[in-house]
Amino acid sequence: MTALAAALYIGPAVALYIGAGVVLLADLVQGRRAATGLLSLVALAVAALWAIVQMGSGAEGPILHGALVADRFSLFFTFLLVATTAAVIVGTSEWASRVEDRGEFYALLLVSVGSMVLLAQSNDLITLFVALETTSLAQFILAGIARNERSSEAGLKYLLTGSIAAAVLLYGFAFLFGMAGTTALPGIAEFVRHAPEGLRLPLIMSFVFVAAGIGFKMAIVPFHGWVPDVYQGAPTPVGSFLSVASKAAGFAVVLRLFYSGLGGAETLITEDWGKLFAVLAVASMLFGNIGALVQTNVKRILGYSSIAQAGNIAVGVAAVAAASTVGPSGVLFFLGTYAATNLGAFIAVNAVSERLGSDDIADYAGLFKRSPMTAVVLSLCLVSLTGLPPTAGFIAKVYIFNGAIQTGQWWLVALVAVAVVNTAISAFYYLRWVRTMILDEPTDDRTIETPGGAQAVLLLASVGVLFFGVWPTPLIEAAQRAAAALLPA
Amino acid sequence: MESPGVILAFYVLAAVTVGGCLMVLVARNLLHALVFLVLAFLGMAGLFFTLSADFIAVAQILIYAGSIAVLMVFAIMLTPLAARDNANSLFLLPGLAAGLGISGIVAFVAVVTPWGELKGDALAAADPVTTVSAIGDLLLGRYVLPFEVASILLFFALIGAIVLVHDRRGPRDSGGAS
Amino acid sequence: MLTLFLLLPAVGALLALFLPKERAQDAKWIALVFSGLAFLVSIAVFVLYNPHVEGYQFVDTFDWITADTAGFAISYTVGVDGLSAPLVLLLGLLSVVSVLVSWRIDVKEQQYFAWLLFMETAVAGVFLSLDLIQFFLFWELELLPMFMLISQWGSGRRLYSATKFLIYTLAGSAFMLVGFLVLGATAGTFEIAELVATPVTEAAVPLTLVFWAIMLAFLVKLPTFPLHTWLPDAHTDAPTAVSVMLAGVLLKMGGYGILRIALPILPQQAHDARWILATLAGFSVLWGAVITLRQTDLKRLVAYSSVSHMGYVLLGVSAMGAVGLSGAAMQMFTHGTITGLLFVVVGLIYDRTHTREISQMSGLMHRMPVVGTVFVIAGLASLGLPGMSGFVAELTTFLGSLEVHPVATMAGIFGVVLSAGYILWTVQRVLHGPATEKWRDLTDATSWWEITAMASLVIVILAVGIYPPLLTNAVEAGIAPIAQIIEGVS
Amino acid sequence: MIPALSVTLAHYLVVSALIFGIGTVIALSKRNAVAVLMGIELMLNAVNLTLLAFSRFSSAFAPGGEPLSGHVFVVFVLTVAAAEAAVALAMAVLVYRQRETVDLDRINLLRG
């Protein structure tokens, strides 16, 4: 392992960390504060370029004594996370220009995303834990960074829930380490593959802890309670970042851990953890959808919807237990389309809420008249979240459900049946919102200007939602290549 | 664990630690709870000694019983008007159920699992080794990456704590709609 | 050619949407031109369709999603056979009619016509798709325009009705997706033709469940008692053009789905279910008819009569024989034209009287002889008068089902008697009787768009009634392979 | 066979289970944010005990096991716990400045 190769592998994360430092320094220089956003984008661009070089060189494999592994899977998430963060920064630059601690905001954002990139590469429990905590801690601070009453409340609640979840996760890790005798994921996988029957119980127990703890990041039951509160209270850019990037990182960890790290398919406990995620998926979908039905605050609706969507993705995770590459690629494809969709929705909500000074759904009445583009993009994203054609959300749902059903397991068929019924429930609140925007009469005729950055992101998001709805093959193929990297060679 | 002294130490320390934890739960006053928390931390450090984890035990005393406890004292002192009582919230029953459930399940699993199956023969104690230098080697060798990331984490925790509590320089910014 | 039919309305929808604000009035012209062009294409398809050639014709296909490693290869494939060709024609015709009857729309015209055209594309996709996932895609695509059209341009409790429609359809189609995925996973393909050629005999879940999962969506759409309650609400509150489309083509999606997918792919399960289907059909016919008798709202009356008349489709299906299936297929077409016409007439009356209460109307024949005459024609066709298209379809249905399900058929025949009752009674109350002072200033339908809309439908109804082979040639060619499969199981 | 008067892995695991459980109860049911933090610290302590216990009884590991990795893990948990505590307390102080309370039952602006 040459130093050069190691640099190639961890380059994207390093670029982001260095970027965070540079942003902080630039912030110290009075008069250069406006440049912090631009600097962050530069750091993200460098990270992306580095990842492209890494992909082009075909370099793959574990590095740094097995602490990390670089493969198509980690690259997929690197691109996803970097693109998401860039979109958040561009789409909410106007908000950030009014924030007092702008430098710290961007620096924390970069640290958080850098750690997520490491998270997707983690090949060792300790690396995974440290990267997870770094990104979490940065997010806790981000949630509270506006330092008004709502923001600090969101930050505190997020932090306390997150710390409890981390403790639960660690407890699971402790048992995994204890049984396998190593913190390296391949070693654990090796152990699980040959685990004696007598250890089934502690194994199940430890992965219940791990699933619950990681579930916090993915916003699935049981650590889902923070989601609506934080989405509502935290600054909207942070909400959009969390809803997409944090969820993606959580699922990256789950796939790496359960699919690759817990021995892949065909072990003592594979079906157990598949069923565990099936239960979590059902609970998340029901909780999210029923919760969203009664909300009038749009950010809370998005929060509950995010829980329900996480349940949908968890269907794919459950399918992983029973199938080969279908399940993981479904999860990846779903996350890819979900990123475009949810970012579009969040940036639109951000743009509107900033102008309206309100998150009340009633104030969205007649948005089509006041800000046609925002309304159309937001509607498109909501239709995609519902899972209706011709959007990417439709393909994603069909694809992920198809992956579950292809396994030929009756319990996965039942799971999909529950999931599709939930889709019908979700249509109720998503489309009610669409109707309010497009068809209701506005209470106030003044037009709402959307900032240029937000417009650009909205345009990109809607192009993504429509393009992958009509021609999903490129993304599906990328997801399949990424998922294939997870299989033990 | 042959030595009777160590066996005795285990039971005593375990009793102190668990007792301290329970007192944190039931203490009426927050400051009293903090004292019991420190007691539990110290008992835990003792347990670490019985496990031949000397370095960790010392670190435990320094970081938990020292720094974190002091931080908490500061926090309690900095919030003078907040209630000092260690009251339970509306979630006491669910909390109790969850805690007891987890305890029971883990203890049950710990007792019934034939841990010997991990290797194939009965459990035997390993030779006590000096851990400090070995840990240092691991930290700068195999675990150098998490080590570096942890330093970034500490640095940004510092930045974050400062950002959160430093006094405002200008008028209130409107973070997000409210 | 079929892709052209699919795309024309969508292109029109986009054009209408992006029309400059000050020319919003021209949206209807765009809608008329594009639906008209699509209608011409559909005529060409119907005329050029050769009933003597087996299989699908005018097939367009290309690989859409090529994710082979995940077993998710989905092709875009459209084609017609004798089953879908008449429905395509019906769709083309009714789309033009619905644009014509919307001529007076003056609220958000651009959006209105865009949604209307968009819906035509979606329904066309359902009738043309030869791949299950593609079929499902278009099936879902139709929801949004419908929801928007009813909830915005409707009347009364329009949001409630639109939501009810949405929830019923989505709940049904949700299970349909599960069924499709199970079929596709088991057979390794989503192509309807391949699924029919190599029947699935075993899957992860019992095939009977799969059958009912798929049927649920179709039965909701048809609609069948007791899943019909969304229909009267949707009809009552929908604008006229949407009612025409709803009754004329959207309900046919259910029957079409049964004939195209449920029966040929799962013949054994369908055969096992024939008694249940026949019972449901009997109930639909009778219940629908009885409820219709009690209606005081003209539009609701026509809506409930739809429940009753679509029951015949299910009755024909449940006979599981060539004759019954042909009857069902014909009934779909004729019901589309007849009920479409009835809704056009009801809409015209409502435009002028601003009431739909039958008790308020009297002697309208004196004031609006043209509308009245057409109303009488549509009514007579609806009750199955010989010489009109309804008669042929219903007769064929009963011939097919009588031997298999005598009781349900008797119920169906009794339903015809009842429908004669309510239609004649309604015609008598609305058109005849003394011409009240209140309606003295009513004007007859004289504008070109009203006349064209009515005339085109009347012509089709009479033509098929007088010379049934126009329709039956195609239908029988389409039904033959399905009947062959279904008669092969016992 | 476990000799009557000897301390085994299971003993330590039971103690850790008790501490983790009590920590959970405290974390979930206390109203004061600082008290909740105490519960979380206890949970983390239980995790450390588990890690070290497994490390100590290292002969349980298959060949190639790394008992000292457990110690390293604990070092990281300690570090993270300290950082988390610092940020949590800063957050609590921030909330207190705005509302003069750190009572979680009364910090409830966010609701639907």
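Which chain is which? They are A, B, C and D, in the order written, and residues in each are numbered from 1.
One rule holds for everything that comes next: a residue touches a chain if its C-beta (ideal position, glycine included) is under 8 Å from a C-beta of that chain, and two chains touch if they have at least 3 such contacts.
Computed from a predicted structure; not experimentally measured.
With centres taken as mean CA coordinates, the chain nearest to the overall protein centre is A. Inter-chain spacing, taken between the CA centroids of subunit A and subunit B, is 29 Å. Inter-chain spacing, taken between the CA centroids of subunit C and subunit D, is 64 Å. One simple way to say how far apart two chains are is to compare their mean CA positions; for subunit A and subunit C this gives 43 Å. Residues of subunit B in contact with two or more other chains: 106, 110, 113, 118, 143, 146, 150, 153, 157, 160, 164.
Of all residues in subunit C, none touches two or more other chains. In subunit A, the residues that touch at least two other chains are 126, 129-130, 133, 137, 140-141, 144, 147-150, 152, 155, 171, 179, 181, 233. Chains that are in contact with each other form these pairs: A-B, A-C, A-D, B-D. Interface of subunit B with subunit D (complex): residues 1-2, 4, 6-7, 10, 14, 17-18, 21-22, 24-25, 30, 33-34, 37, 40-41, 44, 47-48, 50-53, 55-56, 59-60, 63-64, 67-68, 71-72, 74-76, 78-79, 81-83, 86-92, 94-96, 98-104, 106-107, 110-111, 113, 115-116, 118-119, 122-126, 131, 134-135, 138-139, 143, 146, 150, 153-154, 157-158, 160-162, 164-165. In the complex of the two chains, the subunit A residues touching subunit D come out as 125-126, 129-130, 133, 137, 140-141, 144, 147-150, 152-157, 159-160, 163-164, 166-168, 170-171, 173-175, 177-183, 187, 191, 228-229, 232-233, 291, 294-297, 300. Touching subunit B in their complex are the following residues of subunit A: 10, 17, 20, 24, 64-68, 95, 98-101, 104, 107-108, 111, 115, 118, 124, 126-127, 129-131, 133-134, 137-138, 140-141, 144-152, 155, 171, 179, 181, 196, 198-199, 201-202, 205, 233-236, 353-354, 356-359. Against subunit C, the residues of subunit A that register as touching in their complex are 325-326, 329-330, 383, 388-390, 394-395, 398-399, 401-403, 405-410, 412-414, 416-417, 420-421, 423-424, 427-428, 431-432, 435, 438-439, 472-473, 476-477, 480, 484. By the touch rule above, subunit B contacts subunit A in their complex via residues 105-106, 109-110, 112-114, 117-118, 141-146, 149-150, 152-153, 156-157, 159-160, 163-164, 168-170, 172-178.
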